[in-house]
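Consider the two complexes below, in which chain A is the common component and chain B and chain C are the respective partners.
The block that comes next holds the complex of A and B.
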């Protein structure tokens, strides 16, 4: 792996980095205020809408966007497509921070955060609870992702030993890396299993919402729809991130590799759409799509975005255009995100007179989390061997 | 308690393991809110061969208190408790009857003068010199007076002996009078503990007895001589339906929708707001959650409260000490959330706009690259 990837180098404190740092700093102040004055002081959450932007974006959409690592592991290690190996590390990096910040958001979102460690005490666990499944599975996967990404850190440390403080230099980093590489397959296997479980369970979370979710979205197929779209979003983010990084860092594009990779996406989206439409028809709720209210509008926007992604990605020639590839990936990410916002917030109606729209502070905290993710990404790709070495592209 | 101590004692109780026995004593201690370790002390006291003798007198009563004591407890524990207190006289439970039973009582009083516990269930009729309740040719009024003056303490079990209960309901034809009043009128100074209820929870009685046996003194009593551990709080304060009361959700008829939904029974005449007892916490009969009158959907009728049970009409509303819930209770009408605000929409729109602009910029750049090819 070490010859595949290498650090980008370059200055850390660039203008975008400083902008993100400012946004992150502001959100930290708001988070501090949340811990002093309570959730009600910063958010618009209520008893009717206990889940808002932090769950819908940071956790549900955020972890789906962070499915790059999962989708690539499926492809490279389960389907044994070794040619995509160079894309695994950047995907893992994005996954690692996506999931870690989903976990961090949960700690801001839950009221009795001091009870969170009880998740890992079996005598407090309720194995029949879907909330427990999601919480336990996601938090375990965060650890797994850090272990999966650890080889990049260890390589970085062993390469730049002379620049590091003496106590780090004395560590047997090389030995640790070798042992980890020997056992990494175990963590990769768990790392494929866990997202399969919780990405579908995120859908189950809304199945238990029952009548509060409007019929266009409420279906026993929610888990399957969530899983398929999460995997598709995983490939989309790998493509999106690769092109964005190439353009941003002025590196050569990896278009041939990416256009091969994107070949699978239209089929996955197609499968998703067939299931989605069949489900709506067979449950006999298609009429709700023509009511011309907010729900039917969102239904058409959401599925229109999926169709747009197919239009960009299905023709072979358009997949070789980096622009269409980029837009296809973007529309897929947008479609999956809108679907998650619909299922968790927009089509969720707890009854009369309840209302919710994310507050200023809620949105800033979410933007702060994203900023931190981007800052960490910028720092790590410059300091550690993550992105593919240029001659490979 | 060591195993050998228990062995000496186990033949008396028969079929009870040391573990069950200690568990029982600990439950007794914890239901009174005693510190950890009191259970062990109780166990020591119980196996003491010199168990305090108990004489149980029945006056104008229905035997409900005895039934409650027998049924609610696990059978082996029931044997245990009867052996534990060395029950020398009890009209329902004694093996001998008639002359022999009366002789046993007389012998016990003579032998244990000033050392025995007297338990009384039933009200004492005092009208016409108490001729309305007679045992072995004597009025129960006289039997009580002669027995109580030699007793260490008197426990009045049930609402009849505590307040007068059913027999004292208007027009009170027999002049039914509570035990403590009879003794006070006769100038007998023996301390009286009231365990009211119809029937009282057996654990309130057993806990009081065990406390007495263990610590050689009575538990803390309130101004009506009731143990504070059991009668310290209103039923209304601990009731599982209290949130419905605070939220204004009431059943208005038996079997109506709100009654089926388990709403508050205040409007059906529940006397929980003026009755002091621990029913919602302790429940009845060891049969699990919801097993107490209000839990089953019937309003409390204040059986254990003086001047409430058997005196106030069943379906008249109780008088309330506090109409509004305390501040520490959750709100009854929650704020229903805030909709979109200008700042909220602005920051969300700005973020979405920035994301689209970034994508647009990159896509534009890529378009140029594609053309160059």
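The block that comes next holds the complex of A and C.
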């Protein structure tokens, strides 16, 4: 397995890296201010809009964008498509950071963070709560992702032993790696189960919002729509990231592998759209899509983006063009993200003249989180065997 | 190699197995029923004079600081809505000239807003750490700050937008009416009812309150009737001329029912009360959840299958 992936090497402190570091530093100051002066001091969150950008982007969209590891595990380990193995590690890396940062964002967002351990305390835990299920599954999955990615760290450590401090050199890294590889299938299996559970439950979260979520989005099918779109976004991010990394790091493109992989996406998007449209018809709320307001506009934009993704990904010849693949993946990611913004923020209306638009500081905190994710990604692909070795491509 | 449709279906089966069964009503969670000795109050908008004695009594008895809507003079306690310092508020409905009380057109009316103490509360279902609970005897929906993680899902879930959060505090809490449950052991009851001088808010067992509300709906407008003050069956009563009612008790069935009940002379939507299904949202949400996770059977079965398949695949790849 280890010959498949290689560290990229090269300079760490590049210009983009320093830019991200600056943004991240700024966001840390704002986060510090939030812990001193309260959530209201940095955000536009209110009693009417208790959830905003941090939940909609960092957690709900962010973890869906981080579904690459999950989607690839489904393909490689559940459907036994070994040929995609080289794509698993970079996907896992992005998932690991996406989910970890979602976890970190939650700790910024929740007001009584010191009580967070109550989620794991049997006499406090409420199994009827969708939030409990999501919180429990997401935090467990973060842990699982780090274990799933651990072989890359261990390989990195055993290869570059001589550069490492002596206490690390004395570890029996090789032994640990062998034991882990033997039991890794257990973590992979749990790593497929957990996102299946919480990516659907993220949709279920909004069911209890009742009338406050406008009818075009409020449906008992929320969990299924969230699950299907999360898996599709998982494949999209793998393709997007692979092409982006190839161009950015001036490596050969993995187009044939990616175009095969993308073959699954039009089917998934098609299934999603059929469900989405049928649901809106069967609940008799299709009329709302033809009222000239923000909701109908968002409904068309959102589903238009899904259709755009299908247009790029359905024709076989278009899938063999890396540019079209890239665009198809991009539109899919955008579609899934807009759907999540709609379901959690834009089509949520608590009435009573409440309104919400993320504040500057709130936005910087989110951008800082993304910056950290990108910095960590850049560092790790350069130092650890993550990206496919070039000769395999 | 092109991915075949069959393979895609396999993914859908593995991924969607647990969720696809949503439509199955077999495990539907029943809506919760009324607790026999549940307590609450009946607020009669036609009796209310808008004096706000209930607002200040609530603040005094719950040690709440003033909440000002006039930044130029922040010492005034004049909130416009419930907030983290105001559990209970009287709001005004006004149309046109506002001349006649309890008339929809060119009239005005008062409405009291606070926690409705739902029979099947969304907030209790939503709270991941059981910080919000329904008292099994009184049915009062209580808040426990030492459990709360501050996720604000209760706020998102509440159809009445009642739980309020201290966005301005370093160590914030959720704040809401707990029907003065700290006063009950002393033989007192909800301060808003106990200090209401007009009888607009009367405290009592929900069963009795429902009977009282039904009695009032049957009164003929223009007749003089005896209205209890402070609490049902208490020593204080008042006599007043009945004005027309909307023939509905808000909270009898709305959202699965509430323990605080409302009577009014103008339509409830005009007073800002949401139009709710008789089926509580908590039931909707938990039915989905229970269908998928009952006894953790589906997830465990799925995990078993996954362990087998993944183990086989990892061996193949070596």
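List of remarks:
Here, the second predicted complex is superposed on the first by the 393 of 393 C-alpha atoms of A that agree within 3 Å, B and C clash if a C-alpha of one lies under 4 Å from a C-alpha of the other, contacts with A are read in each partner's own complex, and residues count from 1 in each chain.
In the analysis below, a contact is a pair of C-beta atoms (placed from the backbone, for glycine too) under 8 Å apart; a residue touches a chain by one contact, two chains touch by 3 or more.
The shown structure was predicted, so the numbers you read here are calculated from the model rather than taken from an experiment.
Superposition of the two complexes onto chain A shows a clash between chain B and chain C. In the superposed model, A:150 makes contact with neither chain B nor chain C. Contacts of A:363 after superposition: chain B is touched, whereas chain C is not reached. Ranking chain B and chain C by residues of chain A touched puts C first.
When the shared chain is aligned, chain C comes close enough to touch A:110, but chain B does not. By the touch criterion stated above, A:228 is placed in contact with chain C alone, chain B being left untouched. In the superposed pair of complexes, A:321 makes contact with chain B only, with no contact to chain C. Of the two partner chains, chain B is the only one that A:244 touches; chain C does not reach it. Once the two complexes are overlaid on the shared chain, A:46 sits against chain B and chain C alike. In the superposed model, A:275 lies in contact with neither chain B nor chain C. Residues 45-48 of chain A lie at the contact with chain B in one complex and at the contact with chain C in the other.
Across the complex, chain A meets chain C through its residues 35-41, 43, 45-48, 50-51, 73-83, 85, 109-113, 115-116, 118-119, 121, 123-133, 135, 184-186, 188-190, 192-193, 196-197, 200-201, 204-205, 207-212, 220-221, 223-224, 227-228, 231, 260-261, 263-264, 267-268, 271, 316, 348, 350-352.
Residues of chain C touching chain A in their complex: 1-3, 5, 7-8, 10-12, 14-16, 18-20, 22-23, 81, 83-84, 122, 125-131, 145-153, 155-157, 159, 161, 163-173, 272, 274-277, 281-282, 284-286, 288-290, 292-293, 299, 302-303, 306-307, 309-314, 316-317.
The residues of chain A lying in touch with chain B in their complex are 44-49, 243-244, 247-248, 253, 321-323, 326-327, 330, 353-360, 362-364, 367.
For chain B in complex with chain A, the residues that touch the partner chain are 334-341, 343-348, 351, 359, 362-363, 365-367, 369-370.
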